[in-house]
Amino acid sequence: MNTPGTSVSGYVLLLTIQFVFLVVFGICTGYDDDLRPRNGTQAEEGFIIPKYPHFQDIHVMIFIGFGFLMTFLKRYGYSATGLNLFVAALCVQWAILMRGFFDMENGIIKLSLDDIIGADIATASVLISMGALLGRITPIQLLIMGLFEIVLFATNEFLQIELMKIVDIGGSITVHAFGAYFGLAVSFALRPTKENAKAGELEGASYTSDIFAMVGSVFLWIFWPSFNSALVDGPEQERAILHTYLSLAACTVTTFVVSALVSKDNKLDMVHVQNSTLAGGVAVGSVVNLLIHPVGAVVIGTVAGALSVVGYRYLSPKMLEKGRIADTCGVHNLHGMPAVASAIFSAIFAYFATKDAYGDSLYTIFPGMKNSSMEEGEHEIIIGGFGRSSQQQAGYQLLGILITLSIAIVGGLFTGLALKLPNFKQLQYNEMHKDDVYWETPDGHHHEN
Amino acid sequence: MNTPGTSVSGYVLLLTIQFVFLVVFGICTGYDDDLRPRNGTQAEEGFIIPKYPHFQDIHVMIFIGFGFLMTFLKRYGYSATGLNLFVAALCVQWAILMRGFFDMENGIIKLSLDDIIGADIATASVLISMGALLGRITPIQLLIMGLFEIVLFATNEFLQIELMKIVDIGGSITVHAFGAYFGLAVSFALRPTKENAKAGELEGASYTSDIFAMVGSVFLWIFWPSFNSALVDGPEQERAILHTYLSLAACTVTTFVVSALVSKDNKLDMVHVQNSTLAGGVAVGSVVNLLIHPVGAVVIGTVAGALSVVGYRYLSPKMLEKGRIADTCGVHNLHGMPAVASAIFSAIFAYFATKDAYGDSLYTIFPGMKNSSMEEGEHEIIIGGFGRSSQQQAGYQLLGILITLSIAIVGGLFTGLALKLPNFKQLQYNEMHKDDVYWETPDGHHHEN
Amino acid sequence: MNTPGTSVSGYVLLLTIQFVFLVVFGICTGYDDDLRPRNGTQAEEGFIIPKYPHFQDIHVMIFIGFGFLMTFLKRYGYSATGLNLFVAALCVQWAILMRGFFDMENGIIKLSLDDIIGADIATASVLISMGALLGRITPIQLLIMGLFEIVLFATNEFLQIELMKIVDIGGSITVHAFGAYFGLAVSFALRPTKENAKAGELEGASYTSDIFAMVGSVFLWIFWPSFNSALVDGPEQERAILHTYLSLAACTVTTFVVSALVSKDNKLDMVHVQNSTLAGGVAVGSVVNLLIHPVGAVVIGTVAGALSVVGYRYLSPKMLEKGRIADTCGVHNLHGMPAVASAIFSAIFAYFATKDAYGDSLYTIFPGMKNSSMEEGEHEIIIGGFGRSSQQQAGYQLLGILITLSIAIVGGLFTGLALKLPNFKQLQYNEMHKDDVYWETPDGHHHEN
């Protein structure tokens, strides 16, 4: 009787990291001015924190949505819900700090609701990567991967949004593409031997686990409009809500139909239903606040659903067999390809953006198109300078996705190689997708169908 | 081995419909003025879309609530959660268009959050009908039924609310009664042969499926105050929240007690717990913004719970055996009877509504009671004219439910007959309530308990 | 074949109580002025009820969170979700009335959203007590216990908050400590015989039931910031959100690590994951609006997670074996000890609270520190008088937890003795943790793992 779950040194390392976080929180953080006591006796009652409902919706997506979506494996439900919580709880703290380092005042990160919204969104990228690797790495490897990824995520996000003024309100470029290709690159670095480049024995659903996965999937579907609209206000926010809703609805119908048409005996496939129905939320992400017209959202959703199902049916098996890139949840089909499509859509819509259509909001939506004379306050420096034309902005959108993919892939390969170091226990083929290795289970040997 | 799930032509038809929707969105829709860019550099930050949290609560009800409530069948969980999503995704698009056709400006439906709230609510009526037919018709039949139903729903809603100025803020008349009796009429049109007029072999719960159903039931319970208060503002909204809360609480206690008292060995029955506890939300729907006093809500909830449990225990089995009307989820007991009760309550409270009690809000709550001189702007035309007395308004409330029932029943019978056309594959008795017919399942033959 | 579930007289008693509630609602309640029709034709559209999103989050915690957290037992899922709903539906009505009796105007309790938020929070204390006793008492005993507990809860809450001006925004003292020790005292009064002072045969999880429990646990985790911030506004509210978020994140990481370190073979334990991850929300509750600095929240969460896991691993088994105090859900480790810790933290932070740090908000946060000259309107009378120093306020915080514990323990013992009266059927050892005793189940004898 060996104890394959044991990795005391790994858990001690994580405890140490938590203590380091504690110290850094002590030294480097403080309250945003909005959170400080105000003098004068103005009535605070009825004061509303405008983004709080949006935050809570996103919070449900991160902790219930991702966690339960990953319960589809028949014998990995403790890990799906539990490790999702563990990884996210570690990463949100790290994301608050890492993102904060790019925006300190006098050496202090001034915390407010915005920071925890940002931390939740950053953590989504790690959970996407986790989907690619689900059941194939140890909890310790997963958590270390998350810490590496947050560093690169925060850097790339700052580069894209602050320095390059890329438009990406729904995070398709910075979150979905980044998370998916980072995870796939890690997966490639950890690729199995040729004889093991096939789906594991436990890499499938049971009847019950598939229904648990719908809890996650449907909550992601429901709250995606909040994810895509949390970072804008006013008319942009309401457009983002409407577009995401329409894109998801059209995507869902397309997913079901295409799933039936490409499947054996024309039966519906729960993998498609759980995942591809969400691709419309990803694919509309980078253009969600633009004037894409309602029909634009419907078109994007339709394309995304079809693309995603086809990816699950034809591409993923090939990637595993030929490329030895495992992708347990198929994040390439749900997050990867739809996000790249979204970036391309964003270049197209930026290309045709005019002052006539957007009015003054052209410059708040595309801040890179402001004249330098229109900048307020301290002179920001952005890559390539202000005063871009629509065509130039389109170019920057494409540059944004290219740089993001490069950072994600190189960073993922590097991270994957690090996780192969002998310091880390590697999972054996017969330990994959199996809670019993790391969890006390009521019935260590029994597998339900 | 035939392939009973195959219905390529049906799925192709649905894809065609989705493309037609796409074209109509392109031609007939645009943004509401609130969603258009605004000129001038007013700060949009902190701007709140007031109904967005309500929308998200309703969205949870439609996609998690209804979807999981229907998972109670032991072998129909993929269909419950999956087809609920499919049907709803198709119907919300169609509802946006159909409802929009009644409110176009220069041939354009101007979209905003209100339209997707309305679309979600309209879709609830289809999901209620689906409950009556759950497991008894094919996915294609279900979707076609939904398309028919939305046409009639939108027409009846416009007739009741705009032309007849019926009071029905919680949608008991236009949504619950309509959806329930439409579904029951379809069920009657598709009634089984005499020997099959009994519960199917798989028409029951497993221990696990019953707990899944509680996910749906409890989320419906929790967010019902949002459903009932989404279309009003100010004091009316807060009253609607309070009344729904009290009615549901009283209904729930009554449901448990009556369930134990009428059941075998005085044991509790999960069917009652999952469904009848919600009847209080339906029964208070049409009066939810009126001055019914808190005790009015408690009384209504108590009556609704008892009525609903008694319906499940004694009426539904009779309807199936004698009338050959199948009602898998018992929507007659959860939505049908409580909604008719709500309409009657609305007539009673309208009858006694006075200017003394309501002040100026009498005319916003009961717009038909305005003097014609009080109409603002363009002169609306309503059936029977403005300036109704309380007694006349009460009459219109009763007329409203009668017309609604007529449209629902005639429309449902017609739709049911259409679904019996030989173009549609009909489910055989032994194919009912069985995911395996339409889904790839991990274990096509095994049935859990 | 006897019918152990039968208790007609109990259910009739509950129906009688529901009718009494109905009468009392009729006589003693009315609308708050905010819910009454307003004259003048001000536009109500866009009016927002500020606390409604918070209410709905708390509502999810009470009905989904607590209900599903308790589904972890392999054969008690109907009771967990069903009785949670039953108990809560009864107790919210009673809590509206009992809490209202302390705040009547001319003999009328004027109802608004605040009352149902308060009722939900009060009910949390009963559900916590239910956790200690889960599966060990009959539904009738449970409901009667809830009615007793609400009386004491409302009295103690009034005493602490209104008369003693204790700071306890997150309810750690008034809700968590009260509910936990009340439940444990009931459990002690009903303690088993020596030979039965061990975990029951069915007192454990199945693979599926553990995942259901995660639905509840994660929703509690997600919405805890709303629970802890619902009763404050402005900067205090945003601090409460931030602190709860940080405390839970740090607590979760600590929980996983300590769980692995203290468990057999260093495997993770779902009991800890489901429960101890939440202890950070409890432990920060009484100080959640104070200026504890972000690092204070991280420290508190870290301490709470470790304390809670250690409690589950070492203390609870001892309490059962030596003290014969059963605690099915381990509420002592999730609610009891962390809440006492929170009270101590509140005394410490009160001790060091200064006008320099808090500005004018010192007197809204610690109303007992106001000079009597600063009281507005009618002169309130508080225990010990106004004008407390920081040190005195710290003393009152400690006094608050001591009095709360005394009331909870004495009240719980008394309640437990009442539940042992021969009028009540007592569960036998072999009837414990078993739905089949009180529910119609699809398979009365089969037990899944």
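A, B and C are the chain letters, set down in written order, and residue numbers restart from 1 in every chain.
Basically, a contact is a pair of C-beta atoms (placed from the backbone, for glycine too) under 8 Å apart; a residue touches a chain by one contact, two chains touch by 3 or more.
What you see is a predicted model, and the numbers here were worked out from it, not measured in a lab.
Contacts with chain A and chain C are shared by B. The best fit of Cα atoms from chain A onto chain B calls for a rotation angle of 120°, in steps of 5.
Although chain B and chain C share one sequence, what matters here is the overlap of their interface residues, and that overlap falls short of half of the numbers used. Note: centroid distance chain B to chain C, computed from Cα atoms, is 34 Å. Listed for chain C are residues 48, 53, 208, 215, each touching two or more other chains. Partner chain B is touched in their complex by these residues of chain A: 48, 50, 53, 57, 74, 204-208, 210-211, 214-215, 218-219, 221-223, 225-226, 233-239, 241-242, 245-246, 248-250, 252-254, 256-258, 260-261, 263-270, 273, 277, 291, 293-295, 298-299, 302, 357-362, 449.
Residues 3, 5-8, 11-12, 14-15, 18, 21-22, 25-26, 29-31, 34-41, 44-49, 52-53, 56, 59-60, 63-64, 67-68, 71, 77-78, 81-82, 85-86, 89-90, 92-93, 111-113, 116, 139, 208, 212, 215, 438-443, 446, 448 of chain A are the ones touching chain C in the complex.
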